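There are two complexes below, and they share chain A, which is joined by chain B in the first and by chain C in the second.
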Partner chain A sequence: MARWGMVIDLEKCTGCQACTTACSMENSRLPGENWQDVLFYNEGEYPSGKLTWLPRPCMHCENASCVDVCPTKATYKDKDGFVLINWDLCIGCKYCMIACPYGVRFYAEEKQKTLPDVREVWPSKDGKVWDPPWAMPSHLNDPKHGVGIQPKNVVSKCTFCYHRVSKAPQGTPDLDPNDPKTRDFTPACVVTCAPTARYFGDLDNPKSYVRKLIAEKRGVRLQDHTGNRPQVYYLAGEAASIPETRSTRTKKV
Partner chain B sequence: MDQLSQSPSKAVSRQEIAGSSLLWNNAACLPLSAQGCRQCADACPADALHFRTGIPSVTPQCTECARCAAACPTDALTRKHFPAPAAPVLRAGDSAYIDCSKVPRTRSPEGAIRVPCLGAISTGWLLTLQDQIGDTPVILLNRGWCASCPSGDASTCSANAVVADAGRMLADAGLPAQLQARIELHPLPLAQMPEAIPAAVEETMISRRGFFSRGFSEAAGLASGALSVNGSTGHAPLPPLVALGRVIPAEQIRRMTALLNIRSRHPGTPATLPLPAVSIDSDQCENHGICSAVCPTGALAKYDDNGTAGIRFNALLCVSCRQCERDCPQQAVRFTTLRGTTPQDIDRELTRHPVKVCVKCEDEFSGDPGETCPVCRKTQALFVRRDVTNEPSGNAVA
Partner chain C sequence: MNILALRTPDGRPLLDLQSKPDGLSALMMIGGAVVAGVSLSIVLFMLFTKGHSAYNTSSDFPWGAPIAFYMFFLLASSGLSIISSLDTVFGLKTFYPVAKRCIWLSIITLVAGFTLLALELGNPFRLLWAVPISAQFKSPMWWMGIFYSIDLALLCIKFYLLHTGEWDSKRTHLISVGSFVICIFASGTLGLAFGMMAMRPAWYSPAMPMYFILTGFMTAVAFTVLFTSLMRRVSGTPENVRKLFDDVLPRLFFITLLAVVVTRFGQIITGLWGNYEGMEAHWRSLTSVMFHIEIWIGFVIPLVLMGSRERRTNVSIQILSALLFMIGIFASRLHLLIMGQEVPLFKDYWAGYVEYTPSFTEWLLIPAGFGIVFMLYGAGNWLFNLADHRAPANAH
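Presenting the complex of A and B:
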């Protein structure tokens, strides 16, 4: 029993989108359907305007509103803190997409935004959305946990790289990509982050580094007023690129 | 939805439920969620039918009465060898009898249809029988055993509600009260009641007349296509049934086929059908389409034409599961039961929204009052200034 969580240091994040690309390659995402995305945002007016950004994975909330509204119990909270979708049960009603305050759930619509439509270039023969040439090994496909290429007409979302993290030995406090023992179990976006702005660990383990970071650097959660209690924390220090008003933050002492 | 047929867990099968003579079709079973349909379990007089992990199971308390099957709106549960609603050939002035199969065969009237329990008759079954035998009353024989029978109701005949329901519908269809199905009390001594309902076997009629009459009526039933609404009903006021890969509302179709046939024999009756109705408050509706996605039969469906989009409703397909009402995030859906619906009103549009193009992502959307689509609006909301600036957060790792 763990409660996996992520810490993203916005002071370190450069907005390079390497995490987005790593996630797309790891999970065979359709173009534009980025489970992990970086949102760019213009703040202020000319001449003092500036570009800010925010990496946004699924928050894997403790009290996830998407789980509450699912009419078929396809979306569920795993015992290790993951919020996952059982694609065998999902009917594609998209209620969870309306309920999620972070907009991190995706549904492959009939109309593709980018051309060419990759679903026609690499069509699937077994009812999947598409069949990309760089798909993850087929033995890792796990529709019960929403891992792999999704079937048609289901909602998909970030799994915190369930296929990697769930193999970590029990009681591991942190999944550090620099530690050869845990690197294989670390989510793809964390492994690939060039400025090492991402940390991944067990929020319930008193020995974990993520707990220490959140406590010492005053980690904040997005949209905390919704009561969803995300398990992704942002470190928004002095020089962070987080917009001043984007989340609740504790006052400077 | 394609997925219903693709997903292996939803493959069509009609499997036996261990320890009973029930057959279960998981593809026709309504959504297997906690708030899903539980009409079969609610109908069980012995509390023997349970749904664990979405699969029905029966406890040894099951009396094999098949009242659960009668409650199923989609024929997902059926009992093996349950008699078809086929009319016996009757002499003029005779009535058709339905008897409990606990009654010794010699005490049943000749040609009586023997069912495991009078409560195992559904309204659609009774109406179909009434339709087939024409203007002759169907008489359900109450043997006065129900109160002592583990399958029965404590005080009344277990078929009471169904007969009352059917009576209301038949009266609307113009059938006079003296020709409608009714329950008659023909008590038998309680000592003759066997402990259990006889096992589900093909009921064989003893009398020659009964044997031939059943053969004839079964052939007639096959020819008329008991489940096809647009079949040989003689008149076609109903819209075509489109139930693509969805659950088929078998009970509803049985009822309406029978009622339309009976009505056609009684001209001059008001042309309304007792169908469920759904209304959507256009002001609250944001055209998410969740109602249509969760609807197991496709009674609610999205449509899109000429720059407008919305929801349409086919009352004939509705099985009154009320999933739409429960799941609407705007609480805009209202369900009303058994309203007099004219045939023109059976399939109609409930809402109509203009289709707009999002100013940010240029995606089409409808139902939302703003200029940006709901997805872009949500992304923007992550940046919106809020007045609350000093909430406890951060080191709240507990």
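Presenting the complex of A and C:
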């Protein structure tokens, strides 16, 4: 058993969004259905204001509130630490989307944000949301783990590339894209990250580099006060910061 | 078994198909059926052709107006069940005349609510087997499903017992107690479904279940005032129930509304005062049309109208106040739903709020829901003699 987790070094992240693109291609996401997203925002005020960004995959929380609220146990916590959706059980109530503090979940049955509606350009013949020519081979579709293109009327989310990571040899401490032995098991966003801002490994394995990074570079978790205990850690270092708030409130005078 | 041949112990037909419906009941039935039929046909057509894109919900704003509308009907149902229990559980004799009517209203508002819920879910039929077998005890929505299903079953049994004249039997009392407890649990759990969401601070409150039960009860009082007032105009009022209509119900309306206003004021002031991120939705409320409909039309005007004894006893004022409150609480449900979701999470937006206005298809669910209620109410009034009640002389 592992407890897979990710470390994102915000000092190294350039906000290039290659991770978002790689995820979309790997998992055949619709435009805007960004399982992995990079959010841009302003921080501070003139003259010290700056444009900054936050890469945001699913946090695969230890105490995932999305798992607890799901009335059919369609969303579940896997033995290796993945938070996954069994599409065969999802009733599309969207309660998990309400309960996730990070907004990482998607429901594809909605008005599309870009035109043309690609669901109509590449319609699916077997009840899926769409069927683009570059979709992953059908034998890799795994609805019980939320892998592949989802059927209509269910919720979808980042799987930490379950179809890759779950095939890693047992006891592997880290999935390093630069190591030929582990590259194929590494999540697409980690493989593609040009500035190598992403690290992926077993948080429970004492030998893992991710553990070392979290300990030595003071890894922090987003919105830790919610008690969800994400398995994605951010390294802010001296040059970066994690957002203090997602709030839209203006400062009280 | 020929259901038409069945008779109650006192010799009346179980389903009174021989009698002719009065004008108002017939109007309600036909009008309700037409309105519900047309609206549901359009909604279903839109859902089959466009899927849930027919709604204006999005991954940024997952729960749309149908949730608010079904919340309105489900909470009204629980409130109506409580009113019927005032007689059958707590022995408050004054409420005998409306007990049967309230149970029927409770059943049909539940049916309307379930219908709207089914139109909101992605896979409504999967719910029927996936929820019971999941045993997800941690999910308030799982408990809601269980409680509301039991609630509907008990309400139907209770209605059957009263309809067959069993007002005083031990089993009626037991079923009534069970039904009362379950309806409190059901509406309270609906409150928990929102109140437990710490990640949606504008909803997060341990008082939410109580607020839901209270406003559900208030909605039920308004429903009762409205429907009984309408029926009085047709069939007149027997002397022994005049006190209920002229004195008790209006006073209950006023007192309950006062409690709602105090609770709501507490919510608003807490929200405006709080610095906690996400609570700024309360400030934004002040610019929302729905908020002002809720507060002024739904709460303040009916409170003033029903504040004096002279006005309270006026049937037209009663109907007007009940109608205004219903409009207000309807807006309130939608407003609450929006408030919890408009502060964005870590998705798409960063600055600004998530905008949401229900689509035409979503608005159509209002006539669909009310059409179902009016149609079934007219049918119930015709077939089940809803004015039926135990004579006070026989009451214990």
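Simple rule for what comes next: the second predicted complex is superposed on the first by the 237 of 253 C-alpha atoms of A that agree within 3 Å, B and C clash if a C-alpha of one lies under 4 Å from a C-alpha of the other, contacts with A are read in each partner's own complex, and residues count from 1 in each chain.
Criterion: a contact is a pair of C-beta atoms (placed from the backbone, for glycine too) under 8 Å apart; a residue touches a chain by one contact, two chains touch by 3 or more.
As the structure is a computational prediction, the values presented were derived from the model and not from experiment.
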> Will chain C clash with chain B on chain A after the two structures are superposed, or do they fit?
Replying inline: clash
> Once the shared chain is lined up, is A:35 touching chain B (first), chain C (second), both, or neither of them?
Replying inline: neither
>> For A:4, using the defined touch cut-off, is the partner it touches chain B, chain C, both, or neither? Pick first, second, both or neither.
In response: neither
> Of the two partner chains, chain B (first) and chain C (second), which one does A:153 touch, if any: first, second, both, or neither?
Replying inline: both
> Is A:101 touching the first partner chain B, the second partner chain C, both, or neither of them?
Replying inline: both
> Is A:68 contacted by the first partner chain B, the second partner chain C, both or neither?
Replying inline: second
> Taking the superposition as given, does A:110 touch the first partner, chain B, the second, chain C, both, or neither?
Replying inline: second
>> After the superposition on A, what does A:54 contact: first (chain B), second (chain C), both or neither?
In response: both
> Which partner does A:200 reach: the first (chain B), the second (chain C), both, or neither?
Replying inline: neither
> Is A:226 contacted by the first partner chain B, the second partner chain C, both or neither?
Replying inline: second
> Just one of 92-100, 200-208, 218-226 or 344-352 in chain B hits chain C in the overlay; which is it?
Replying inline: 344-352
>> Going by the contact definition given at the top, which residues of chain A touch chain B in one complex and chain C in the other?
In response: 39, 41, 54, 56, 69, 71-73, 89-95, 97-103, 111, 152-154, 222-223, 245-249
> Along chain A, where are the residues that touch chain C in the complex?
Replying inline: 32-33, 37, 39-42, 54, 56, 65, 68-74, 89-95, 97-107, 109-112, 152-154, 222-223, 226-227, 245-249
>> Residue numbers of chain B touching chain A in their complex, please.
In response: 1-4, 6-10, 31-35, 288-290, 293-294, 323, 326-327, 329, 361, 363-364, 374-375, 378-379, 381-386, 388-395, 397
> Which part of chain A faces chain B closely enough to touch in the complex?
Replying inline: 39, 41, 43, 54, 56, 69, 71-73, 87-95, 97-103, 111, 113, 127, 151-154, 203, 211, 214-215, 218-225, 233, 243, 245-251
> Residues of chain C touching chain A in their complex?
Replying inline: 51-53, 55-60, 62-63, 121-124, 126-127, 130-131, 134-136, 138-142, 144-145, 193, 197-200, 277-278, 280, 283, 340-341, 343-348, 350-353
